[in-house]
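So that we are looking at the same thing, I have put the structure below in structure tokens.
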Amino acid sequence: MSLLFDILSSVGMWEAVLRIATPLIFGTLGVLLCERVGVLNLGIEGIMTFGAMVGWLTVYSGGNLWLGLLAAAAGGALFGLLHGVLTALLGLSQHVTGLGITLFASSFSYFVFRLAVPTASSPPTVEPFRAYPVPVLSEIPFLGPVLFNQTAPTYLALGLVAVLAYVLYRTPLGLAIRMTGENPHAVDAQGIDPIRLRIGTIMAGSALMGVGGAFLTLAAFNSFFPTMVQGRGWICVALVVFALWQPGRALLGALLFAFFDAFQLRLQTVVDGVPYQLFLMLPYVLSIVALIVMARRARVPQALMQPYRRGER
Amino acid sequence: MTRVLELEHITKRFGTVTANEDVSLHLEQGEIVALLGENGAGKTTLMSILFGHYTADVGTVRVNGAELPPGKSRAAIRAGVGMVHQHFALAPNLSVLENVMTGTEPLWKLRSDRAAGRAKLLELSQRFGLAVDPEARIADLSVGECQRVEILKALYNDAEVLILDEPTAVLTAQEAESLFATLREMAAKGLSLIFISHKLHEVMSASDRVVVLRAGKVVAERATKATSKEELAELMVGRAVKRPERPPARPGAVLLEAVDVTLGGKGGASLLGISFKLHAGETLGIIGVSGNGQTTLAGLVSGLYPPDGGALLVKGQTPARHDVPHAIAAGIGRIPEDRNVEGTIGDMSTWENAVLERIWSPEFSSRGVVKRAASKAATEAILRDYDVRGATVDGRIRLLSGGNMQKLILGRVLTAGPDILVAAQPSRGLDEGAIAGVHERLLDARGRGAGVLLISEDLDEVIALSDRIRAIVGGRLSPAIPAERANAQLLGLMMAGDWSAAEQIEAEAPPHEI
Amino acid sequence: MRFERREHPSTTLNLLAPLGAVLAALIVAGLLIAIAGANVFEAYGLILKGAFGSRLGFSETLTRATPLILTGLAAAVAFRARLWNIGAEGQFYVGALAVAAFGMIPAVAGLPAPLAIVLCLGVGAVAGMILLLLPLGLRLKFGVDEVVTSLLLNFIAVLFVSMMIEGAMKDPLAFGWPQSVPVPDNAVLPKLMARTRLHAGLLIALAMAVAVWWLQARTVFGMRARAAGLSPRAAAFAGVPLGRTLVAVACLSGGLAGLAGAIEVMGVKGYVTTDLSPSYGYSGIVIAMLANLNPIGVIGAALFSAVMFVGADSMSRALGIPSYIADVTVALSLLTMLVALFLTQYRISR
Amino acid sequence: APVKVAGIHASPVENAWNSVLHAAMVAADAEGAIEYSFSEGVSGTDYPRAMREYAEAGNVLIVGESYAVEREARTVAADYPDTAFLMGSSGEASGDNFGVYGTWNWEAAYLGGMLAGAMTKTGTVGSVGAIPIPEVNMLINGFAAGVKAVNPEAKHLVSFIGTFFDPPKAREAGLAQIDSGADILFGERIGTADAAQERGIKAIGSLIDYTPRYPKTVFANALWSFRPLLNAALADAASGNPVGKNYTPLSLMKDGGSDISYVEAEVPAEAVAKMLEVRAAIMAGEFEVPRNFDEPA
């Protein structure tokens, strides 16, 4: 019991929660945007990989860190454009296109990385984002170091939650996005082209995914290597359902998931005789449990996965 | 008079089909024009071109003298054209206000002005008598209310020309009545309207002028005062149409009997203890305002849901199992309320749609293997015998028009020779010619001794086809009255839940045993 | 720009479009190869040579196509009924694991080989079924979206496999490396070609494709499953028992994916590890779509994907360019093929 | 002419273990001793094919790791008797052409443990490992034994990240151990030292020299070298001797296959002295570091 207390009362644990959550927040917001406009984006795993690679490569070849994030966003948006053209314009199956993009984006990233960094004994590094203690606030006991001693992209992620919620619920653009996810015919009838809106929104969402990936190479770690995204993208897809497609809950979901991840890592160091795989399973199992609890309340965007082709009945 | 709208020489082809051919049409300010035509005549296509949803191959659209750029809905909206689509274009999970406001502000505006939007919406709703709650979720509204939202949406965009594509197809008579009252009021306030309808009485009562489209071409234009239902029907179909007469009934044994059935509505209204009997060789009409249990009643008899309480006896017996195959095997034929959603599977072939509900019968399968040749032959026969046009045995059924789809459904049901026929809204959305055909088939079935349970919101249809009529109100059935005694006023009372007159009629002249 | 559906796609187009797709993919891949500093045309030649040019290449292509056919079928069957099974990867693993576990029963090793093989295949299939019935159950009972649950179960399944092969099922003779005890010799699938990895699983996969085609195209079950997928309400109105049909579809789909795992472990590897599948489950989904969900088409799509991978992989070794080019080429050709298929079904108009 | 040598890496060549092989072969290639080509990130399913393809392409020696494919790798070797194989393996050599080697730098880990045990202030140290396979276990156990040898009271935390290459995960595991009180980390896996660096504590690396990458953080490394193994196998292949033997002894400290490196300035002198004493004893064959393949508790 006191062990649990030790873990839960340590600043490091809670700091880790926020850090582990950051890429998930970016990714989840990205998926959320795509799904709000009616498109499932299983390309996330690959897009995050590409973001991680491009962001890192930019910094490695001399760009500054923010330029790296920007490059990751642009790279993500590019794959978003591809996904958008295939799913929103051509109306191809969203599952398959997404998986195809994941396959393509990840192997393409590895290929480019290998060309750019032909051979290295240990992964080459860049100087990553360092924790930036917010003046004054970071001195609050406990909460200070947890919340206000993070890297800049973490603050960005938290800020984005609010921005996205505002955009979705308070601006005409957000309304049009939500409407498109519910009924693209309706936006079309109001004179907005749902296909262009979809493509644009998917690009924005994918840009966020790219930034989420870049967090891994520019803040959480300082080098790129193949397979580093390790299923984080898929988790984001689950988190969006858990979040009932709402940005605020997406934050909550990402934090919860990160909490279990940070917790299991620490539990492992103190609990013996339990296969470590059980700990690793914990977040996935809990996600499924959460989905069951949430299912009844979920209001799935009605046009999710429904292709819209103008003039087709 | 000022000419607000002018369509000139519009031609539109889809592949080999010519949907519109050299169509010209105009609209004066404050005028109501009815656009009439058979299913597939090209009405929706024409309006979609006007609204910039489709681009015409040839021809121009002018609003207030200025030519609209083709294919831009936005431009049409700016020019003051509003359209209420045949199928609602609403988002069920969003509020009324959100549905109305979408696309009305510049997309990149930093803040949506909801307060101003709400004020404008409420003002419009008051001015035109279209009451709505701006915060209500669309999913919680009735079809009539959705219709209102659709119109408000157009008005919110400052529409001066309003186009309504089959606005009454899903409305009850009362709702349609009040809609047209509103439309006339709007016209009086200077709005100009075009509406599409298959219902001639609506056209006659609400329009100033009628334009008739046949096979994509304008075949006639009449001032409403100078024409008649009969003439319009003939212009539309190209020949004189007459609905068939109902010969006297020769009722036989009781085929179907509901004894105090209760059934919790599956997404619709519940049934709260209904009882009725259906005899061989008669038609029992069930009228009512939608949402009072019609769908649940049809589902009950169709075998979709078993009763929660009470019993449903088929030929005096409770079926071994209450499910669809047993219902069909027991001789129940089912014409569903919504042919697109329940009646057919758009992306399956015609033959699959024709045999799916009886695929278990030895006629169409043995040991789990489909008898394809036999199934296709049977479908071929239906296409021939029921004059289903535009269909091929292997083609996707989605391509059929509503009327032809309905003929196929009638065919698959009637070739099985059912003793009991449940027909829910059998002629909804069909044109005059198609309706006449459906009615004929229903009367034929009755004539050869089947009992027909006709559930319909179309009073004319119920009066024309039924021997006895009941109303369904809040999940309960009214007493039955003989069709001869029915008139609009009496039926209106019955549907409103005032059954005193009906009880009296039933008491003084029991139409054979009830 | 607008797309109009072609009601009668032309045969020439049906033949030309896939060719165009491969061409497009090869051009893009060629660009990358050129950037990597290799001769593009030499590379193309080497892809062909790698996939068909030798006994080794030929047998390897077929060996790789085998599990892909099965996972492709698993996805095709499910997607036809709009059961979004993204969990073939997990089902593949539990199928494989179940075979290894079954093989640990002492009595199994004493069975005659044909019986042992049939039993093992059955056990693998059943394990796959169970893993898909779980998300289906959640959907039917609680309305939980199976895309997400079946996806999450992939991770749980692989971790479970990892736990078993480091725990109860760990091979004591494997020098501590986490792998399961090997399947008994009598359950190993016979080889089709000596000194290659090609095994009888290919024949099973081909037979399954034909069987699934027959089931879908000719039987009442197939018709009902498709109806249930295309329009649940209309299917229910026509008396299709939706729940039961979906359960049967899930059994078939999960069973095929489980079978893929069983066959891979019985034919190629002999024991279970956590890298038994290079994403066969996920690739199956793409393959099913390339085949337009047609079971016979799945064979072609799986072969295509295998040729691309084995050929490009071999080419990368021969030219010394990063081996990731193989996955890039496969992914590219899958994407271009999707577009090509679209163009056979739609025409572009104003 | 240089002999053709192929490397088949199951992980990307950045993975420390593979990088040791890779670097040795790249260097040999640069010297003109061999003509090196390689594949990386080769999954277990593709591994036997890669072996066969390289064999058919006329490589004289194929270097790699058969841990995950022990059986099949031997089958392949039997099918290509004219090609020599040198595989990282926990098993025995097989036939004339299938040689094996192990990564036995556990003695160096023991020495590192001695330093850590002397230096810890909290009395808690930690190890982050991949998967509890014998060679990883041996290393971590070696480290733990070294710690205990000088500091019997010390607490030793162990985490496995469940995979061979996921630096951020190793980093998180390291941070978790620091939160549990560890002030020196033994990074069997890359990423561990990142945690130490971030929290300003010390770390020990394994296989390669991490000190340049983490100056001020990594003060010692349990090094391993592949060149002796490669040279021996090449020599055998060239002279026609069978390669089918166990080359592991060349990994031992006394044969120059492994060693400890440390940063003089960062380690207390008396700790170094004690450690060097033991090192000398190992070199002289007077002391044997216990070899324990069991999963560390």
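Residue numbering begins at 1 within each chain, and the chains themselves are lettered A, B, C and D in the order written.
Here, contacts are C-beta pairs under 8 Å (C-beta built on N, C-alpha and C of every residue); 3 or more make two chains touch, one makes a residue touch a chain.
No experiment lies behind these values; they were computed from the predicted model shown.
> If you tally contacting C-beta pairs, which comes out ahead, A-C or B-C? Let me know.
Greater number of contacting C-beta pairs: A-C.
> How big is the gap, in whole Å, between where the Cα atoms of subunit B centre and where those of subunit D centre?
76
> Taking the mean of the C-alpha atoms as each chain's centre, how many Å separate subunit B from subunit C?
Centres of subunit B and subunit C (C-alpha means) sit 46 Å apart.
> Taking each chain's centre as its mean C-alpha position, how far apart are subunit A and subunit C in Å?
About 28 Å separates the centre of subunit A from that of subunit C.
> Using Cα averages as centroids, what's the distance between subunit A and subunit D in whole Å?
For subunit A versus subunit D, the centre distance works out to 35 Å.
> Give the residues of subunit A touching no fewer than two other chains, as numbers and ranges.
In subunit A, 110, 226, 277, 280, 310-311 touch at least two other chains.
> Give the residues of subunit D that touch two or more other chains, as numbers and ranges in rising order.
41, 162
> Considering subunit C alone, which of its residues make contact with at least two other chains?
Those would be 4, 159, 162, 166, 322, 324.
> Chain pairs in touch?
A-B, A-C, A-D, B-C, C-D
> Residue numbers of subunit C touching subunit D in their complex, please.
By the definition above, subunit C touches subunit D via 50, 54, 56, 60, 64, 159, 162, 166, 174-179, 182, 195, 197, 268-271, 273, 275-278, 310, 313-314, 316-318, 320, 322-324.
> Over in the complex, which subunit D residues touch subunit C? Could you list them?
6, 37, 39-46, 48-50, 52-54, 56-57, 67-68, 70-72, 79, 89-91, 131-134, 137, 162, 293
> Using the touch rule from the top, collect the residues of subunit B that touch subunit C in their complex.
14-15, 55, 302-304, 323-325, 328, 334, 336, 341-348, 352, 356-357, 359-360, 365, 368-370, 372, 395-396, 399
> Please name which positions on subunit C make contact with subunit A in the complex.
1-5, 32, 35-36, 84, 86, 138, 142-145, 147-149, 151-156, 159-160, 162-163, 166-167, 279, 282-283, 285-286, 289, 322, 324-328, 330-332, 334-335, 338-339, 342, 346
> In the complex formed with subunit B, which residues of subunit C make contact?
Subunit C residues touching subunit B: 4, 7, 218-224, 226-227, 230-231, 233-241, 350.
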